[in-house]
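One chain, chain A, appears in both complexes that follow, with chain B as partner in the first and chain C in the second.
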Partner chain A sequence: MNTLHLYIRSMGMLLRSQLQYTSSFIMQTLAQLVMEGGEMLAVILVIDRFESLKHWTGGNLFFFFGLMSVSFYITEFFGRGVTGNFPSMVRSGQLDTLLLRPRGILTQVLCSGVDPRRITCIAVGVTALVMGSNMSRVSWNILKVLALAESIVMSCMLILGLFLIEGIFCIHSVKSVELVNALTYGGRSACQYPIDIYPRPLKILFTVLAPFALTMHVPAAYIMDKPLYGWPTWTVFVTPLSGALVFAILVMLFNRGVKFYRSTGS
Partner chain B sequence: MRAYLSVFRMRLKMELQYRGAMIGGIVCQMFFGIVLVALYHALYASKAQAMPIESVATYVWLQQAFFRMMVATDQDLYDKIKTGNISYDLCRPVDMYWFYYTRIAAQKLMGSLMRGIPMMLVAFLLPKGWGMTLPYSISGLFSGLLALFFGLLCMCALENITMAISMRTLDPKGIAGMLGLLMVTFSGNLLPLTLFPDSWQKIITMLPYAQLLDAPIRLYSGEYPVSDLPLIIIRQAGWAAVLILLGIWLWERNRRKMIIQGG
Partner chain C sequence: MVDLSYIEVENLRKTFTVRKKREKGKLLREKEIVEALKGISFTVEKGELVGYIGPNGAGKSTTVKILSGILNPESGRAEVGGRVPWKDRKEYVKHIGVVFGQRSQLWWDVPIVDSFSLLKDIYKIPENDYENRLKELTEALQLEKLMRTPLRLLSLGQKMRAELCGSLLHRPELLFLDEPTIGLDAVSKLALRDFLKWENKEHGTTIMLTTHDMEDIAALCSRVMVLGHGQKLFDGKLPELLERFDTVRTVAVKYDTDDPKLELPEGVEINKQDGEIRITYSPAEIPTANMLALLQNAGSIREMTLQSENIDYLIAAMYKEMDL
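== the complex of A and B ==
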C-alpha cells in the first residue's frame, strides 16, 4: 500500500512539473493527437477500400484498433519510466542513485516518469472504441463491461512486461536494443487487427510469446458476439490473465537482471 | 564546393560506424514488413484490388528498405540547437544551409543503403506474393533510381525546413512530430498511396511527399510507364527547388534573428 501511495505521490509531482511549460505541453499533446489520428486514418482508409477483413466488418476493426490504442497509450502514460526513460537511465548511470534507496528498483523506475501528452492518443482510442461498438451494434451488459475492463488492465500489464524485456537487455548491453521493438511496437501494429487473419507463425508469436491475442482479441471478439475460434465464454475471462503472467515472469527476470548491473560510471 | 564534398564524405564514414545497431534495425524493419504484407494478403482475400498483391508486397518492401532515408534526422544538430553549440557552426566559413544539407544527405544515403540493400536481398528470397518482385523492366529500374535521387533531394530539403522551424520553437518534438506524420502518411509508408481512395490520387501524387519514395517505387513496378519519366523528374525537381528555396529563406531569417541559448 505504501508503494502505491508513493507512486501516486510521484505521479502528482511529475504531472505538475510537466504542466509548468503550458505552451510546449499543448503543442506536444496536439502533435500526439495528429499522430494517433494518422494511425486511425490508415484504418479508415483500409476500411474504405476493402470494406471488410475476412469475417470482420469495418466496425469490428475500429473496435480492435481502439482497444489496442487505449491499452498501449495508458501504458505509455503511466509507465513512461519503463517504456521511455530506462535505457537512458542505464547509459547515464542514473540508475546508481536508485540502487541506493530503500525501495524496489522497478517501483522507483515507474515513479520516475509520466507522459500526460498521451491523453490525446487515449482519446482517439476511446473514440474508435465507441465508433466500433456503435457500428457493430454491441448490446452491452455487465459481463461485457467486465470483460472490456479486464482486457484493458491485462493488456497494459502485458505491454509493460514486454517493455521490461528492453530494460533487461539494456542492463546487459548498455545500448538500447532496437530488436525488441519488434515485439512492442510491432505487436501494436500487428495486433490492432484481429489475430485470426494472420498466417500461423505470426499467430503463434502473438498468442504464445507475446499474448496480445489472449488479452485483447479473445475478449473483444466475445464483446462483439463473434467468439474467436468459437471458444466458450469462460475463456474470455481466463485467457487475459496471461498478461499478468507475462508481467510477473518479466518482473522476476528484471530483478535478477539488476543483480548483474554494472554502472557505466558516468 | 570542395568543403561540402568533404563534409559529405566524412558523414558517410561516420554512418558506416554503427554496424551493430544496423542489424537489429534491419530485423525489426523486416518484421514490420512481414506483418504489413500479411495484413494485405488477408485484406486481398476479402476484396481483391486492381493493383496485384505482388506489387503491394514490392511496394511495402521498398518502403521499408528506404525507411531510414525518410526518417533519419541529424540528432547532432538538434542537440546543438538546444545547447547553443550551433554558434560554433556559425563561425565556419561555409554556408550553413548547404553545410547541413550535405550532412543530412550523406546520413540518409548511407543509412538507407546499409539497411536497404540487405533487406531487399532477403525480400527477393521470400516466396512469390510475399517478397519483392524484379523491376518491371530494366528501364523501369534505372528511371526508378533516377527518381530516387531526386526524391532524396526533396527529402533533405524537407528535413532542413523542419530543422529551421525547430530552431525557432526550440522544441523539436511538437512540430517535427507533426511534419513527420504528414511525411509517413502521404509518402505511402503507413498505407501504399495506391490504396488511398481513387478520388484522392490526383492530389496526393502531386504533393511533395509522394515525390520521395512513391514515384520511384511506381516507376520500378511499372505502375508509371517509363515514358512519364520526364514529367515526374520535372515535378520532383520543381518541388526540390521550391523546398530548397523555402529552406534557405527560413535559415537566412533564423540567422539574422538568432538568439543563442546560453549554457
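== the complex of A and C ==
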C-alpha cells in the first residue's frame, strides 16, 4: 500500500515538473499523435487495399491494432522509468543512488519516470478499439469486458517485462542490444496484426518467447467471436496469464542483475 | 569482551574484473583483475569526523560504496552500528546518509521542497519529525529562500547544500561525503565546513569524508586515513602526518654583496640565480634557528623568505614517497 502511495506521489511530482514546459509538452504530444496516427493510417490502407487479411475483416484488424496501441502506450505512459530511463541510469551511476534508499530497486525505477505525451497514442488506440468493435459488430457481455480488461493488464505486464531485458543487459555492462528492440518495438509492430497470418518462426517467437499472441490475440479473437485456432473459451482467460509469468521471470532476473551489480561494481 | 567501535572494518578485500578492449588477432577479450582493496582494517568511534584521502584510484570510493551497502566485498568483515552493510540493504540504509559530490540524489526539474517531501515518503519519516528536521536543516543551510526553486536552477554551492539537506532528513547516524567541496567557491566551502561541524556537534553524527582538498581535512577532521593502492598507509592526526613528511624547507636569501662567505654543512642544497640564493634543507638535520644564524654570519642580508612546503605539496611528496 505504501509502495503504491509512493508511486502515485512520484508520478504526480514528475507530471507537474513535465507540465512546466507547457509548449514543449503540447508540441511533443501532437508529434506523438501524428506518429501513431500514421501507424493507424497504414492499417487503414491495408484494409482499403485488401478488405480482409485471411479470414480477418477490416474491423477485426482495427481491433487488434487498437488493443496493441492501448497496451503498449499505457505501459510507456506509466512505466517510463523502465521503458526509457533505466539503461542510462545504469550508465550514469544513478543506480548507486537508488541502492542507497530503503526501497526496492524496481519500485524506485518505476517511480522515476512517466511519459504523459503518450496520452494521444492511447487515444488513437481507444479510437481504433471502438471502431473495430463497431465494424466487427461485437455483442459485448460481461465476460468479454473481463477478457478485454485482463488482456490489457497482462499485455502491459508482458511489455514491461520485455523492456526489463534491456536493463538487465545494461547491468551486465553490455551496451544497448538491438535484439531487445526486436522483441519490444518489433513485437508491437508485428503483433498489431493477428498472429496466424505469420510464418511459423514468428508464430513461435510471439507465442513462446514474447507471448503477445497469448495475451492479446487469443482474447481479442474470442471477443470478436472468431476463436483463434478454434481454442475453447476457457483458454481466453488462462493464456493471457503468460504475460504475468514473463514479467515475474524477468523481475527475478532483474533482481539477480542488481545482485550481480552489487558484487561486481560498475 | 572488548567494546565494539561504531564502525568496525577488518581485512576488507575487493577485486574488480576489468574487461579490456579486444586486441587484434585475439578471439576473446582479455580480462584484468584489479585489486581495489587489499585488506583494509580500521575502526571509527561514534561521533568521529574522519577524513579519508588518497590519490585517484586508491580505493576510497570503493570503501565508501561497501560501507554504504552498494557493493559487496570479496572477503573481510565490516559492521556499522552492529549491522553488516551489505546484508539487508533496505534496513541498513535507513541509518546512513550519503552525498556524492558529483552525482545528484534529488530530482532535477522539481522544486527542492518537493524532492524533500518525496524523500520523506521514501524513508517513511513521520510528518512531525519531518517538519522539525526540515526547519532545522533549512535554517542551518540557509535554504529557506530556495525551497521553491527547481534543482536545475541552483548554483553548485546551493545544490550541494540542498543535497546535504536531503541526505540528512532521516537523521542518519552516519554520513558519508564523497568529495563534497569539489568545484565550490571559497565562501561555499567555508559555509559547508561550518555546517558539517555543526551537524557533527549538535547531533553526534559520525562523518566520514573523502576529499582531495587538504583544507577540508585540516578544518574538519580530527583524524585522517591515507589510502593508496588499496592499502591503508596512515591513520592518525593530521599534524602527525604532516610532521612525518614535512622534511624539506626552503630559504631564499639576497645579500648586499655579490659574494657572501657562506659556509654550510653538507647535505644542504644550494642554488644561485640572479643574486638570489635558494637553500633547501631538512629541519630535522639542521634546526631552522641554526640555519638562520649561519646565514647571518655570512654577510648583511637584504631580503629573506622562509618557506615551509604547502600542504598539497606535502601530500604529493608523501604519495611519492609511499610510491603511489
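What we mean here is this: the second predicted complex is superposed on the first by the 260 of 266 C-alpha atoms of A that agree within 3 Å, B and C clash if a C-alpha of one lies under 4 Å from a C-alpha of the other, contacts with A are read in each partner's own complex, and residues count from 1 in each chain.
By definition in this document, a contact is a pair of C-beta atoms (placed from the backbone, for glycine too) under 8 Å apart; a residue touches a chain by one contact, two chains touch by 3 or more.
Quick caveat: nothing in here was measured; it's all calculated off a predicted structure.
**Student:** Once the structures are superposed on A, label A:Arg103 by its partner contacts, choosing first (chain B), second (chain C), both or neither.
**Tutor:** The answer is second: A:Arg103 touches chain C but not chain B.
**Student:** Classify the contacts of A:His172 with the two partner chains as first (chain B alone), second (chain C alone), both, or neither.
**Tutor:** Neither partner.
**Student:** Quick check for you: in the superposed arrangement, does A:Met13 touch first (chain B), second (chain C), both or neither?
**Tutor:** After superposing on A, A:Met13 lies in contact with chain C but is clear of chain B.
**Student:** What's your read, chain B or chain C touching more residues of chain A?
**Tutor:** B
**Student:** Give one of first, second, both or neither to describe whether A:Phe50 is in contact with chain B, with chain C, with both, or with none.
**Tutor:** It touches chain B, and chain C stays clear.
**Student:** Given the touch rule stated above, what does A:Gly93 touch, chain B (first), chain C (second), both, or neither?
**Tutor:** It touches chain C, and chain B stays clear.
**Student:** Which positions of chain A touch chain B when the two form their complex?
**Tutor:** Touching chain B from chain A are residues 24, 27-28, 30-32, 34-35, 38-39, 41-42, 45-46, 48-54, 175, 177-179, 181-182, 186, 189-190, 193, 197-199, 202.
**Student:** Can you list the residues on chain A that touch chain C in the complex?
**Tutor:** Touch list, chain A to chain C: 2, 5-6, 9-10, 13-14, 16-18, 20, 92-94, 96-97, 99-104, 108, 173, 262-265.
**Student:** Quick check: in the complex, which residue numbers of chain C touch chain A?
**Tutor:** It comes out as residues 14, 16-17, 19, 62, 65, 68-72, 86, 89-91, 93-94, 96, 98, 100, 103-105, 107, 109-110, 114, 118, 121-124, 150.
**Student:** Of all residues in chain B, which touch chain A in the complex?
**Tutor:** Against chain A, chain B makes touches at 20-21, 24-25, 27-28, 31-32, 34-36, 38-39, 41-43, 45-47, 49, 169, 171, 173-175, 177-178, 181, 184-185, 190-191, 195-197.
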